[in-house]
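So that you can tell them apart, the chains are marked A, B and C in the order they are listed, and the count of residues begins at 1 in each.
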Amino acid sequence: MAPTQRTDGPLLGVRDLVVEYPGKGFRSTPFRALDTVSIEIGYGQTLGLVGESGSGKTTLGRALLGLAPVTGGTLTFEGADISHAGRRTRRRLSRDLQVVFQDPYTSLNPSMTIGDILAEPLTVQGKTGADARRRVREVLDEVGLPQDTIGRLPREFSGGQRQRVAIARALALSPKLIVCDEPVSALDLSTQAKVLDLFLQIQKDTGVSYLFVSHDLDVVNHISHRIAVMYHGEIVEQGDAAQITSAPQHPYTQRLLLASPVPDPDRQQERRANRRRLIEEQRAQDERSGVAA
Amino acid sequence: MFSFIVRRIVSGVVALFVVSSLTFFLLYFSATSVARNILGESATQAQVHQKEIELGLDQPLVGRYLHWLGGVLHGDFGVSWFTSRSVVGSIFDRLPVTLSLVLVTIAIVAIVATLVGVAAAVRRGWIDRLLQIVSIAGSAIPQFVIAIIVVTIFAIKLHWLPATGYVPLGGNPGGWAVSLVLPVVALAISAVASTAQQVRSATINVLSKDYVRTLRSRGLAPREILFRHVLRGAAPAGMTVLSLQFIVMLGGVVVIEQIFALPGMGFLALQSTIQGDMPVLMGVVVYIVLIVVIVNLLVDLAVGWLNPKARVS
Amino acid sequence: MSEPTIKTENAMDADALAGAGVTAEPARPGVLRRLVGNPLGLIALIILAIVVVSGIIGPWVAPFDPNHASLADALKGPGGAHLLGTDSAGRDVFSRLLVGARSTLIAAALAAAVALVVGVPSGLIAGFFGGWFDSIASWCTNVLMSLPAIIILLAASAALGHSVWVSMTIFGVLISTGFFRLTRTSVQAVRSELYVDAARVAGLSNTSIIGKHILFVVRAPLIIQTSMVCGIAISIQATLEFLGLGDVLVPTWGVMLNEGFINIYTSPILAVWPGIAISLTIGAFVVLGNALRDALEDTPKAAKKRAAAGPSRVSLLDDDETRGVALVKSNHLLEVNGLGVGYPQPSGRVKTVVTDVSLHLDRGEVLGIVGESGSGKTQTAFSILGLLPDEAVITGGSIVFDGTPLVSSSGGRLSQGRLAALRGKRIAYIPQEPMSNLDPNFTIGYQLVRPLVKVLGLSKADARARALELLGIVGITNPQRTFDAYPHEVSGGMAQRVLIAGAVSCNPDLLIADEPTTALDVTVQAEVLDLLRDLQDRFTMGVVLVTHNFGVVADLCDRVVVMQNGRLVESGDVRSILRDPRDAYTKTLLGAMLEGKTPMTMLTAGPDPLDDEMRMKASI
């Protein structure tokens, strides 16, 4: 099921994107969540977006989905400008552009059955009930959930299973790009591994692209072809995953890389020492440039 | 904090203005056969017409409104259509009665509801169940029925307390207190029950906060945690409920003053309603809304003082 | 801009507890069935059915004309031809009672209908779209709420006459504020739910989203509120009638009460019948509202809320029953033997969350407790602190701290008195979530100083100096500013430093840290780990570190115990566990670590055939 129509250029292009939220109160300065952000995602590719809380990584995903206000720059999907797409364009777009949210507890309506949740995007696109039901059974297979899931309510499932349902909902329309907003950070370690495997398997089978947002560099490194690092609303560095994680250029990426502890006492001791040395170096450098300036 | 107070005051003044204006147009727009009512059926058409001119009923409504508004801004609410007494004078005669009743009641409600609500939250058990039962009963039995029951038992059957009448505070504080016991009880029962319910749930909510566990881990005594941290956390919710109860009570005094024959604002309101004495009724409405606006402002200030987050925004 | 919420054991345990009975639950019975199943609900429904029936057919079945006065029959007692006697005009009380149900019903239905029509749509619009409509509507609501209803109804009846239709229409508008606020708040809460975002991404229109996702959520609270409003409306209408502001031609319960009140000295029984009728009807609405709440909200979420409400109850009295127990000889600072923790269920059985856990800790040593959600690691830590929820019971085993037994293996409960003397003096605690663990109403300085004064007996000035010193020790660059700040004015990382300062302020011998870095960004986590290591060294504390992260374990711990489903599966030196795990579960956990794995390869060889197939391909 490889993507059929390919145009020249990337699947998704983001150029100089700015997102601002109005400040609280009269005449207050707006809060700039994203500052001239540019990324590209090719067909069948995964771009990992990593950053700390408040860095704007989630906002970028939401802007693509039309859930955050685009105040500047352009978003293009398969060559078409979607920066300010209206509801009708969005509805058409939702066939190709889907989402998996972070929290599997609130991303599924607790009062709807799994079958209804999975059918919702299908019926919006005008699929008949029978077609929708057939497709729902297919996607349940794809994400490894049993068929009797259809009549059950979300609360009957564990976090990992709910996240599979959320992935199935995203897959229902066979999209070309799925925005994954911290999809494994609410999960236990062993569940996280299974869900990451599922994401990889689906990409292998369907050729879908991911924008994979996470605070965890290890997770992003595991699943992405390319990585972009966000810091204070800007992308400070992007490139091939291997390159970013082996030879980071930006001081923040360097710190981030050494901050995550490794599961071995001796190697962790070494990493700790490296991290301290790096921070000392960066501080010294800052002071030098401060003096120079 | 300063701009917060200013905004609250402006909002309160605007509310007072809007409500009194709407009430004015409602009352005077419909006050057509007033002159006839005042003079009685035997009056001639000419006398009625003469009276209408005297009351200004022949003037256009907007003009009368502006005239009234001008007077109000100088503290003049006009005179009663029936007794020709100054409206402000009548209200000031009645205000001490109603304020005594309401303030004493709200103080009792605040104290009792806090004790019962906190006890129910901390101890659960019988006191909690009793509170549930009393609050269902309190909201099921209308206030005037409670008043009638109280009068029947304590005044008529047991002769413990006077059934009716008001003794001013000035000359005879003991008599004043005795004359207020039954009205206050009748007014307080359902208010205590519903306020205690709110205090209970606010207390349970704060008790379940993570920081309570952390405070316990620091070795602080449970009493210290309960009285300093938990009560402080639950206080804003309690104050908000109390201010709503206060508003309900200002309405409740109408029926309570009627049953206990207390010459207060509620009595005045009912009397002027039945007579159709619009200037008096207007005055009562404006004064009561004014009291509510002031109380709400005080509650907002108190909540802001208690809650540092609200203070900043 | 949602932050990553990392759900770890604390939250998940509550999940596991609340969800225990419902996981495999079949479709739940209908709301009506549950309502009728509740005896109070059934009684309320029966009373209301009687009122409705007499309101409709009352005029035809009444034995007498309710307005027929006959002075000869005045003030007859109950019995005989007149079932409940007659009033002062000789009118039949029972007939008037039957007919009076009608105006009662009109009052309830009219006020509720007006309130719903006014309050719900405006609340929906204000909550969903916000903006200027929200501002104006909210302001109007605040004004309406500050008007005493009776006073306004007096003015209205002076202007528009004494009619139940007028008064209840106006009252409906006044009380619509309740519906407005309820709807608006619910809609605002749902609007930001992720499943509504998912519906937007799917391209649903606003109307579809409101119809499909939002109205459903508001429905239950609205039904409950409606029942309550009916009760209040009846009470208000009866009050007006009692005051003489009702329709004089219609027999109503309020008028009958007035009649009874006038004759209170001669014939108090006259006030009894309408009093009972009114109170029973209003009471039925109130009880029905409560029963509806139980029936509609009987979901795991509500159960979870109830469960969450319970845990941190503060016992006002410390339980000192084990005072005087002799010291026990122990070679370790902390020794836990065969510990079991359980929660008694309503069914009578005890749900066990920790089973037979044994561990020990020496002075100056760091012990890691590792496990996934539901493994019982936090429950174990809270047992040592004596901060388990009140409902929890120790089902077995012992905890000995420096020779002092904290739990006797025979008693069911922790020895609170003994622990209270140790907590904050020799045993300290660092929580997981920094922000929710500081009291928002007090300055950080106050929260640090108070235990120093109250528990450690320092003077105020000394405590203040010590608190500032501690803030410096935990790496806060401007201690005075943080000291004066309120918790909401500092960042999460700084709040965690403050909590750490509070924990070490008593020079504890034992520090229990429950996922102390889980809620922090990874760069901040590294700094806090450094801080913990320095402090552990400085104070030579024994530390029990609860975590799910093997990296954190490798960074800090000397020894590790691994827990799964409330049991201890493996324990030992940190190097031997991390490099050469024996237990299959430990191996699975370590295998799920991403560090050192080849990117884009499968991590698990899960049970599903798809994965097995893949693995075979890979091995060939």
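In the analysis below, a contact is a pair of C-beta atoms (placed from the backbone, for glycine too) under 8 Å apart; a residue touches a chain by one contact, two chains touch by 3 or more.
The structure presented is a predicted model; accordingly, all values stated were derived computationally and were not measured.
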item: Distance-maximising chain from chain B - centres being C-alpha averages; value: A
item: Most centrally placed chain - per-chain CA mean versus overall CA mean; value: C
item: Cα-centroid distance, chain B relative to chain C, in whole angstrom; value: 32
item: Euclidean distance of C-alpha centroids - chain A vs chain B, Å; value: 55
item: Chain B residues counted as touching two or more neighbouring chains; value: none
item: Residues of chain A defined as touching chain C within the complex; value: 33, 52-54, 56, 58-59, 62, 65-67, 87, 90-94, 97-99, 101-103, 106-111, 117, 120-121, 124-125, 144, 155-156, 159, 166, 169, 181-182, 185-186, 188-190, 192-194, 196-197, 200-201, 214-219, 221-224, 241-242, 255-256, 258-268, 272, 275
item: Residues of chain C touching chain A in the complex; value: 1-7, 19, 22-25, 193-195, 197-205, 208, 212-213, 216-217, 299-301, 372-373, 521-526, 529-530, 548-555, 574-575, 578-579, 588-597, 599-604, 606, 608, 610-611, 614
item: Chain C to chain B touching residues, read off their complex; value: 139, 142-143, 145-152, 154-160, 231, 235, 238-239, 242-245, 257, 260-261, 264-265, 268, 271, 275, 278-280, 282-283, 286-287, 290, 308-318, 385, 387, 420, 423-425, 427-429, 431, 433, 436-442, 447, 450-451, 454-455, 486, 488, 499, 502-503, 506
item: For the chain B and chain C complex, residues of the former touching the latter; value: 11, 15, 18-19, 23, 26-27, 29-31, 122-124, 136-137, 139-145, 148-149, 151-152, 156, 204-205, 207-226, 229-230, 232-233, 244, 247-252, 254-255, 258-259, 269-270, 272-274, 276, 278, 281, 284-285, 288-289, 292-293, 296, 306-309
